[in-house]
Structure formats: structure tokens, C-alpha cells
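The structures come next, written out as C-alpha cells.
Next come two complexes, and both contain chain A; in the first it sits with chain B, in the second with chain C.
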Partner chain A sequence: MKQLLKLEPRRKVAALAAIWAALMAAPFWMPLLGGYTALGTRVLVLGLAAMSVNFLLGFTGVLSFGHAAWFGIGAYGCGMILKYIALSTPLGILAGTLAGGIAGAVLGALIVRRRGVYFAMVTIAFGQVFYYIAFQWSSVTGGDDGLRPFYRQPLHLGVATLDILNNAVAFYYFVLVCFALAVAAMAFILRSPFGRTMLAIRENERRARFLGIPVELHIWIAFTLSCFFMAYAGSLYALVNNFADPRGLHYSQSGDFVMMAVMGGMRSFWGPLLGAVVFVVFQDYVSSITINWQIFIGFLFVLVVLFFPRGILGAIRRTVVAS
Partner chain B sequence: MTKRLKLGAVDSRALIKAGGVAGLAQIAAPFVWSARAADTIKVGIIDPFTGVYAAVAQNELIGVKYAVEQINAKGGVLGRPIELLVEDSANDVGTGVQKARKLIERDGIQFLIGDVNSGIALAIAQVSNEKKVLHIVSGGHTDGITGKDCHWNVYRVCNTTKMEANSVAELLFNKYGKKWHFITPDYAFGHTLQEAAQADLKKFGGTVTGNELTPLGTTDFSAYLIKARAANPDVLLVLPQGLDMVNCLKQVAQFGIDKQIHVAGLQQELESLEAMPPEARVGIWMFEWYWKQPGVPGVEKFVADIRQRSGGKVPTARTWFGYTSMMSYALVANQAKTLDGVTLAKALGNFELPPEVKLQPNKCYYRAGDHQLMTSAFVGEALTKPAGDPEDLFKVDTVIPGDKTSPPESETGCTLQWPA
Partner chain C sequence: MSLLQVKNVSKHFGSLVAVNNISMTVEPGELRAIIGPNGAGKTTFFNLITGFFTPNTGRIIFDGRDVTDLLPARRVWCGIARTFQVTEVFPELTVRENLRISVEVASGMRLRAWLSQTDDDKIRARVRELIEMGGLAGKADRQVGELSHGDQRATEIMMALALKPRLLLLDEPTAGMGDQETYEITQLIRRLHRDGKLTIVLIEHDMRVVFHLADRIMVLDQGKFLAEGTPPEIAANKAVQTAYLGQAA
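Right after this comes the complex of A and B.
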């Protein structure tokens, strides 16, 4: 056991290096396996969204089934800035993130007193409120046809201009940088005393309360942070598609995010990214072959839940440790 | 634990893993083979094969496949066979956009067909436009596609919402009465339909007795129907779609309203009529294409051929959309003798479809100004009892040519911007 602990940091560094190397080199190795750059970009964005869900589910222990709402608000916020106000990609991302995060903070205050299934139900309800707003308010959101037309704008970096609109590889790296920033922030929060408190609440809420931790406040902060990350991912998603549509806010989309998180491995930091890889890539390939692709994803999900309750990454980890 | 592993026994977990790997290998294989024969012309179709539009999307695919079969049997396009790549948009914009990029960037398609969902159609038209690939929208009806959101590379086969409204309005007014009452689903598409029909009515000099806005997913329409009956109109226009429409029509029949007031709607599809209980099949509607057209050349052969390929089901408007989209590309490419997107897009403007493709009595051509196909509207009555063939659920009254139902090019709001 002691030996194992000594091994752990080195192994962790190696794993981290491998993950980042794989992500950085993706535009080069993906085409060899029949992939394409745009697929990698989508995986990153949906992976970040799944990690945001997991920030709440895996590290605070509360399950939100309405997180697509914050994702969608981020997408609409970003799209509306680009469509109505200013042709600036960073401003769009900033506005989208703030819109979703603030909406999450306000409604989170109403939600955090609920627990378990009630929490999940209330999050669905609030999520659907935003779905119907996007669906019905056609003059602003474009309604059922979605918000368009808007396009992500080239980045002016002072010395050079990065054309992220037409250059798919450049856009991938732009999204990768955005992804890295968010992931670093998430890891930093989880390592802080606040992050440890979240774990304490997850493990035993009553004990945490007896220790004098203001549990509701902590859950609210965790919920809000998760909403900010989610909205950030959503605004990136709007840039990926150059489009925002109401289905992005629907509870079925929330379900997909939870599925990615659980499949990849909730409680582990990188698990949801792996889940997103599996989900998106699987969907991409299998749906080209058969229209019944959802059966396969469902089957995979059932297998994971039955045999690997800690998700795919959890299973891999256990095998590595056992060997 | 370690001891058991050392024994080398195959435990259940290992079996599951082996099974998983074997299963994945089945799926992984096709994309490793992706280096295929290079001399085919790749054509992509994106449609919602899963989700609420699955049935209509499937019919469209049958039409496209049939067209590919016909084209390849006659020597393909410029002597090269067509290879069809099918992608499911899952009725989700993000997935649709992803698939469009996949087809264009990775697979290198020359021509794109899709999508049934208007929102996805608009979104993937942005992608095809960015990549300069000729694109025919086969089944998305929203006006914008050949209106204010039109693109130089995008054509459309199915009608616009406005054309649907115009086609029914005149017949209803002349034949059934001047006082109309609307039941409108409360979202953008419903409002567009209602406004278009109301504008026509005003133009003819009729009056609106009321407009009931019903939320999406309404199951009980009784309050709206009682109100509508009390207003005593000549015509009751039922505009909800899908399950809402079925519920509304069922209640119309239960209340016997169809005996007192002329019940009508705008667009109707054979897929929907077939899915309805017989008592809900009432009213005057517009079909975008119908399989029973005695005396029109080519229709009988088309119906017979499709029946062979669809397990005996007749072609619907969607089958014809798919067929026509695919045939249009082959015809225009063979005529212009090129695969260049811009040249083909120019050549398709004012292109008239030959009889074996248009399968309707009137002239059928793509308008150069907004890229909309001028296709006929089949206006008639839904049949509670099928006439002979169990799939003959509609009686066509009149077939109105597309030029008559469509607003002039100047009113569509479309300005095409061609690449320099």
C-alpha cells in the first residue's frame, strides 16, 4: 500500500501528460483513424459540459437534470451578442458565460434546499422553463427554427489574426485553449479547501452539518460554479455550430450530459471527458451504419452501470491498480 | 484475488471484456476501410432517421435510394456511379451540423440532401454554403430557406409555408365560405401558417371569426372547439401538427363539428393520415404530391417500383421529394458536364424537370431568383374510409401549379450572393 502511494504521483503525471499530448495532437492522429477535426472540437465542448455536470454530481453529490438550460443560455447569450450587438468572439463567450452563470446563481438559490429526487425534479422544471422561452419567443430567439445567422469571428491577437471561422484546425486549438482554462480552474477549485468541503458534503451531509459547515451555502456555490462552467461550454457550442437551437436546453440534452458523466466515470476528474469521447464518437460512427444506434449506446450504458459503477475510467483505474 | 488470476481461469469479467472488444471490432471495421474506390461520386443525405420525423425521413431515403439505383443503371453521373452516404441528424441541430461537416470534410461529397427539420436544414445550409457544396433541401418548409436566409448553393424541392397556405385558401374561399375560424399552435411555425392564410382571406374579402392559440402538446381541445362552434364560421382551419392535430381532429369528429362546419387544414401527409384513427381523417387539405394520378405519365411505374422496395407501401410526398432531389442533381450534372458547384447551381436555375421525374401534370421547374421548386399543390379531401386501396386516403380535387401558389420572387426577401 505504501509503495502504491509513492507510485501514485508519478503515475498521475504520466497520465496527465498522456491526456494532454493526445488532445494537442488530435488533428494529426484523428484523420488516420477515420475521424475529422470537427469531431474533436465537438468532443471537447461536450466533454467540458459533462465535466461541469460532474463537478456537481461527482464532487458535491447532487444530481441536476436541468443543466442543459445553462448550457443553452450560454449558447443563446453568445449567439445573440454576435448577431445583435458586436462581432467579437471573446465578448460572445464572456456574455454567454455570464448570462448562464447568473441565471444559475439566482435560480440555484431556490433549488439548493431540495435533496435527491426533489432536487432533480426542480432542476428539470426550471430547465424546461428556459426551453419554452427559447421555443416561444420567436422574435428574439428565432423560436423553433433556432437562432441564426451568426458566425464566430476571427481572433485579433494584436500581432496576428487567427481565422477560426474557416480554418478547422485553428478553431480546434482555440477550443482546446478555452477547454484547458476551464479545466485548470475546475482542478484548482477542487484542490482548494472549498473543494474538500464539497467532498465532505458528498460523503456525509449530516456530519458536515455537525461540523458547522453551512451546507446549503456550499451547495449553492458549487451549483453556481457548475452553471458558469456549463454556460461557458454552451457558448463554445454556439461557436461550433454557428447556431443555437431550443433543443440544446431540453431536458433530454441534460440526460445526455448525465449519461456521459456516468458512463465515463463520475467522481473521477477526467471520466466525463472519456464518456463524451465514447458517446460522441460512438454516435458518429454507429449512426452512419444503422439507424438503431441508440440501442447500442443504451446497451453500453446499461453494461457500464451494471458492471462498472465507477464508469469506464473507474474500471480502467481499478485494473491498473490491481495489476 | 491475485491467486485466482494467476490460475489463468477465464472469469466472467474477462468474458465480458472479450465480448465487448469483439462487439466493438464489428463497428470499428467500416471506418478503417474508408479508403474506397475513388471513381465514385459521393452524395450525402442527412435526415432525422430517429425521433419524431423518423417515418417521413425513412420514406425520403427510399426515394433517394431508388433514384440512385436508376441513375447508376443508366451509367451514373458523367460516367461515374453514385455512392450514397446516409447520416442521421437525430433531429438535433448540433448533430446535423456535425454530420454535414463529416460528409463534406472527411468524405468529400459533391452534393448534399436534407433535412426534414427546418431548423437543421437552415443550419446545415450554412455549412454547405461555407464549403461551396450544392445542396437541395428536400423536406424543410420554413419560408426562410428560399427567402431571407437563401444561399446561392441551396435549392428546395418541397413547398414553402406560404405556398401551402395560398394553395388551400383560394379553393376554401370560393367553394366553402367567407367566414373562417383558426385553431393555431402557439409557436413560430403555427403563427406563420395562420398569418399567411389570414392574409389570403383578407385579400379575397373574407372575415376571421376568431383565432384560438393552443399550447404545444394540448390534448384537450374541447374548450377551443366549443368557442369555435359558437362563433359560427363557414370554415374551421385546424393548424396544429403531429399528435396535436390527431387529438384535435378526433375531438372535431366526436363533437360532430365536421357535419356542421367545413373542417380544413393546410398541409397534410399520407404518413400522418395512415397513423390516424379513421374517425380523425376529415377535412380539406393540401398534399404536396399524391400517388394516385390517373393518366399522368410515369406515376404508375414509380408507384409500382417503390412498392417493390418498401414492402408494399405506396410512395408519399416525401418519397417523391427524395427521388426528385437526387434526380435533379444527376440530370443537371449530366447536362452541364461538370461537377463544379457554382456552375451546377447556376445551371439548376430555371431548370425544368422532365415528365419521368416531375410526376405531375403541371410544369415543374426551379426558380432562378429564390431557388424554389415550382411544384404543384394537390388540394382535396381526407377520406375516413379508404377508396379501394387501403392506402388511398385522399381524394384530389384540384392540382394547382407552383407558379400560382408561390408569391413572386420579389416578395420572398431572397437576395442571392454568388461567390466572386
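Right after this comes the complex of A and C.
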């Protein structure tokens, strides 16, 4: 920790402390602003998903437009364990994460040679395949109605039992811990030699290749890691809703995640979380006023992209650095 | 034994024969220049050696090993590094980060998720060394994209050098530079060759640079071999004078 303080510019450490303090205190300050705890839980999970998309988009320079597939497979995997196999929350998360991550790894191996728009198109196409499977295979997935009923189970922590089903605050903290673990893993990877090869590929694929980086292999690893993070977020999302929705696999859901990442700032680590905050708050408040809330968020998105090409966080950062 | 043997390579782009049956042998420690008018096929020839393209015909032997069918990254692992005619760096990263990536890849650490303190110290020291050697000390923590053309070029050359190559290919290292920058890059190449005993092949338009640096020169014209020899031999060659030098004079 001492070393961290020495190495990092003070401003960065202060920002980091502020983010974690705000997250840890959310159940206390959110009601004051008219929010409720479950809204915070949703932000964490969707924010984690947007950060997972951005792990690939912002740090490897690869745009996947089908990441909702891994999110959805994670949700169904987790839900099916709880519904059909075992009443265990950790087992559900584990199974969902593995299912989505492994599916992503297999698919990734087939598509890493594609680039740019072609890559995005193939990811949409494959994502839709999973969407239709979830939609059609009613006997297992519940079809159009989604997978239900299942319930997140209390956590047995040896000495005590944590009732995350009925206690919204307890569940928030459980999700916050899960979130922190994933985010720490992402940050750790991005600071490693492997993480720097991701940046190298984003910056200049040709240069990376002619430094001796086997670019396809590295993109595949980054893609696979991103799918695991995504499926993990999806598993948590099943717990948030006690429900897995086929629409969660649809490409429009993938689009929402990309939108959160771009709106928040895809060159910044925390940007997508901010994007998720804006998105979820908009969804929650504006949808209570008008059913056309998506028009408003679309409009907001256009404004951000036009006036803050580096996203909201990118713009904030520029202002802070300039001052 | 020769370090590099290029045997009768050709490369076609549709009906255009960009490289037509060219052979070249480079000895260890040699500094070879390739010259020729625009469109002569020089860059394409480099692209064949480094695996950017595979030749339609011919073989490439590096250090006794046939590398003709190897992918670019594998040829780098064999010890062939290059720079590009249009500088290729990681523009939004700092000079230090650019070099660090290169050093880590060269140390076989590219898949590592974790570095020990000792490894980290070693890498930092090596990066500092390269920064010094490239004359980039004052600019190490600036984004490469913001630097002058000459400094970007120096960064690119040091990135290639960080790979500890046995053969360094430089495609027009002084292109688009002023006199001072040209002088500095020329001095850098000279040091690498004389002091570092590095084998270098360079494509160059600036004849002062070529005649100053090269042990031997190969001349291409419209994809075809025109001549090869020491700088005085090339200067005296009638065919070269008509095709190229005469044109410039």
C-alpha cells in the first residue's frame, strides 16, 4: 500500500478512494437522493458488464457486439443451477461464469482472425444464435417467459448466515464484494506484461505483430477473459432479478453495454461504471415518466459522443488535469 | 556462414511484378544499403524478408534456417526486427511504455500476469538504457504521438533494438527529416553497427547517408536487380547512373 501511494500520482489515489467510499456508503446516501438500494445493486452488475465489454473494447481495441450472449449464458447457467440442481448461490455463480466463459473461449477461437466491422458482425450473429436458443428451447429455458422461479440462497459463512434474499442491503454488499474481486482482477491484468500487449495491439496491431507478439493468440486470451468477466456479471444479474430473461442475450442488450462503455469513457478504467450509472438512473426515472425513455438515452448518447468523444469521465479528467 | 540468404524471390500484385527474381546475401556484421527509384520494390522486398508477404517464388534462409513459411512474429523470434517506411509506434503510450512492451516481449514475458520485483527492476534498467542510447532521455514520459518525427523514428528504432535482433531492417530511416535529425539518426545507426556489431540492412534515399554508412549497396529498379557492390563501385556503375543517380543529379 505504501508503495502504491508512492508510485501513483496523489490525484489518482484520491479518486480511487472516493470511488470506493461512494460505493461502500451507497445504501446510506442513495435514499437521500431518492434512490433505493436495489438500484445500486443493478448499477454494480451492469457496470461490471460494461467494464468487461470495455476490457476488450477500450484496452485491446476490439469491438464485440455480441457480449450479451456471455452475460445471458452466465445468467441462465446460474439460474439453472438454482432451479434444477442445487440451492447454492456460490455454485450458481461458479457454474454461470464457467458456462459463459468457456462458450466465449470456443467461439473466440473461431473468430479472432476477423477485424473491425467484420468482427463486430460475427459477434452479433453468434450472439443471436444463443438468443434464439434461449427463446425457443422452452422446456429448459422457459422460452419467452424466461427462466423462473428460482431464488438466490442465503450465504452460509461458517459462523453466521447472511440473508441476501430478503435483506437488500446485505445483498448489495455481497454484490459489491463480488464486483470488487472482478475489478481487482481486471486492474491486475491490465498492469501486467500481458495487459500491456493488449494496449500494444489496440495502439498499433502491425507494430505489435512485428515486435513478435502473436496478435491472434493475445486477442483470443483478452476476448476469453472478457467473456469470463461478462458471464460472471450475468450470473450476478440472475441473482439480482431471481429471473433470467432471453432479452438479456439479445444484441440490443449488447448495444446497451457498448453504449454505457462509450458514454462513460472507454479509455478510462472506471468510465463504463459511470456510463452504467447514467444509463440505469435514466432508465429508472425517465421510464416512470414516459415509455419512450430509450429516445432520451439515445439523444444523451449522441450528445456525449459529439461533445465528449472521450466520454463523460474522459471529459471530467481533462477538466481536472487542466485546472 | 551468411546470416541472410534471399534466393530468387518474386512477388506479384496482380499483373505487377513488384519484386522480380531478386537474390541477396548478407554477411554477419555487414551494413547493407538497398537503393532504387520510388516503386522499385524495396519495401516489398523487406516485406518478403519479414513475413508481411510470402513470396510467390524463392526462399529466404536466415542463419541456416528456411523461414519462408514462418509467420511474422516467429521471424521476429528468430532474430529479424524491422522499422517501417511510415513510422509505426504506439502513439498514445509514452516512450517508456513503448520500449517497456518491447523489452518484455523480448524477455519472453509477454504472457505473464505478474512480475517479480527483480524482473521489474531488470526491465526498468534495460528500458532506461535504451532511452539513453536513443537520445530520448528528456522525453521518456511524453506520449510518442506528440514527439517530433525524428524522435518517433528514434523510438521505433530503439523498440526494434530492444528485441536484441541479429538482423535489423530499416526502411528509409531518415525519410522526411531535416538535416539535424538526419545527422542524429545516421550517427545512431553508425553506433549500432560499429559498436554494437549489429547486422543492418537499410533502404535509403539520401545518398549522403548511404555512402557514409554502407559496406555494400544493392540497386533495384522496377522490381529488377540492377547492380551490387561497394559504394565506389556503385557510384561508378553506368547502369545505375542512368537509372537512378543521373536522375537525381
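Everything that follows uses one rule, which is that the second predicted complex is superposed on the first by the 315 of 323 C-alpha atoms of A that agree within 3 Å, B and C clash if a C-alpha of one lies under 4 Å from a C-alpha of the other, contacts with A are read in each partner's own complex, and residues count from 1 in each chain.
The working rule: contacts are C-beta pairs under 8 Å (C-beta built on N, C-alpha and C of every residue); 3 or more make two chains touch, one makes a residue touch a chain.
Predicted model, so just to flag it, every value in this text is computed and none were measured.
A.B. asks: Looking at the overlay on chain A, is there a clash between chain B and chain C, or do the two fit?
C.D. replies: When both complexes are placed onto chain A, chain B and chain C end up side by side without any clash.
A.B. asks: Taking the superposition on A as described, I'd like to know which of chain B and chain C A:Val286 touches: first, second, both or neither.
C.D. replies: First partner only, chain B.
A.B. asks: Contacts for A:Ile189 in the overlay, against chain B (first) and chain C (second): which applies, first, second, both or neither?
C.D. replies: A:Ile189 contacts chain C only, not chain B.
A.B. asks: With the two structures laid over each other on chain A, which partner does A:Pro9 touch: chain B (first), chain C (second), both, or neither?
C.D. replies: neither
A.B. asks: Per the contact definition in the header, classify A:Gly158: touching chain B only (first), chain C only (second), both, or neither.
C.D. replies: neither
A.B. asks: Tell me which partner touches more residues of chain A in the superposed arrangement, chain B or chain C.
C.D. replies: Per-residue touch count on chain A favours B.
A.B. asks: At the Cα centre of chain A, what angle separates the centres of chain B and chain C, to the nearest 10 degrees?
C.D. replies: That angle rounds to 140 degrees.
A.B. asks: Taking the superposition on A as described, I'd like to know which of chain B and chain C A:Phe243 touches: first, second, both or neither.
C.D. replies: In the superposition, A:Phe243 contacts chain B only.
A.B. asks: A:Ala200 contacts which: chain B (first), chain C (second), both, neither?
C.D. replies: The second partner, chain C, only.
A.B. asks: Check the residue A:Leu303 against both partner chains and state whether it touches chain B (first), chain C (second), both, or neither.
C.D. replies: In the superposition, A:Leu303 contacts chain B only.
A.B. asks: Minimum C-alpha distance between chain B and chain C after superposition, to be given in whole Å.
C.D. replies: Scanning every C-alpha pair, the shortest chain B to chain C distance is 18 Å.
A.B. asks: Just which bits of chain A does chain B share with chain C as contact spots?
C.D. replies: none
A.B. asks: Residues of chain C touching chain A in their complex?
C.D. replies: Within the complex, chain C touches chain A at residues 50, 52, 71-73, 76-77, 81-82, 84, 88-93, 97, 100-102, 104-106, 109-115, 159, 163.
A.B. asks: Okay, in this complex, where on chain B does chain A touch?
C.D. replies: It is residues 1, 13, 16, 20, 27-28, 30-32, 34, 49-50, 54, 58, 85-88, 90-95, 97-99, 101-102, 105-106, 118-119, 122-123, 126, 130, 142, 144, 149, 186-189, 191, 216 of chain B that touch chain A.
A.B. asks: Could you pull out which chain A residues touch chain B in their complex?
C.D. replies: Counting only chain A, the residues touching chain B are 31, 33-39, 42, 135-136, 138, 142-146, 148-149, 166, 168, 237, 240-243, 245, 247-248, 282-289, 291, 293-294, 296, 303, 307, 322.
A.B. asks: Inside the complex, what are the residues of chain A that reach chain C?
C.D. replies: 188-189, 192-197, 199-200, 203-204, 206-207, 209-215, 218, 221
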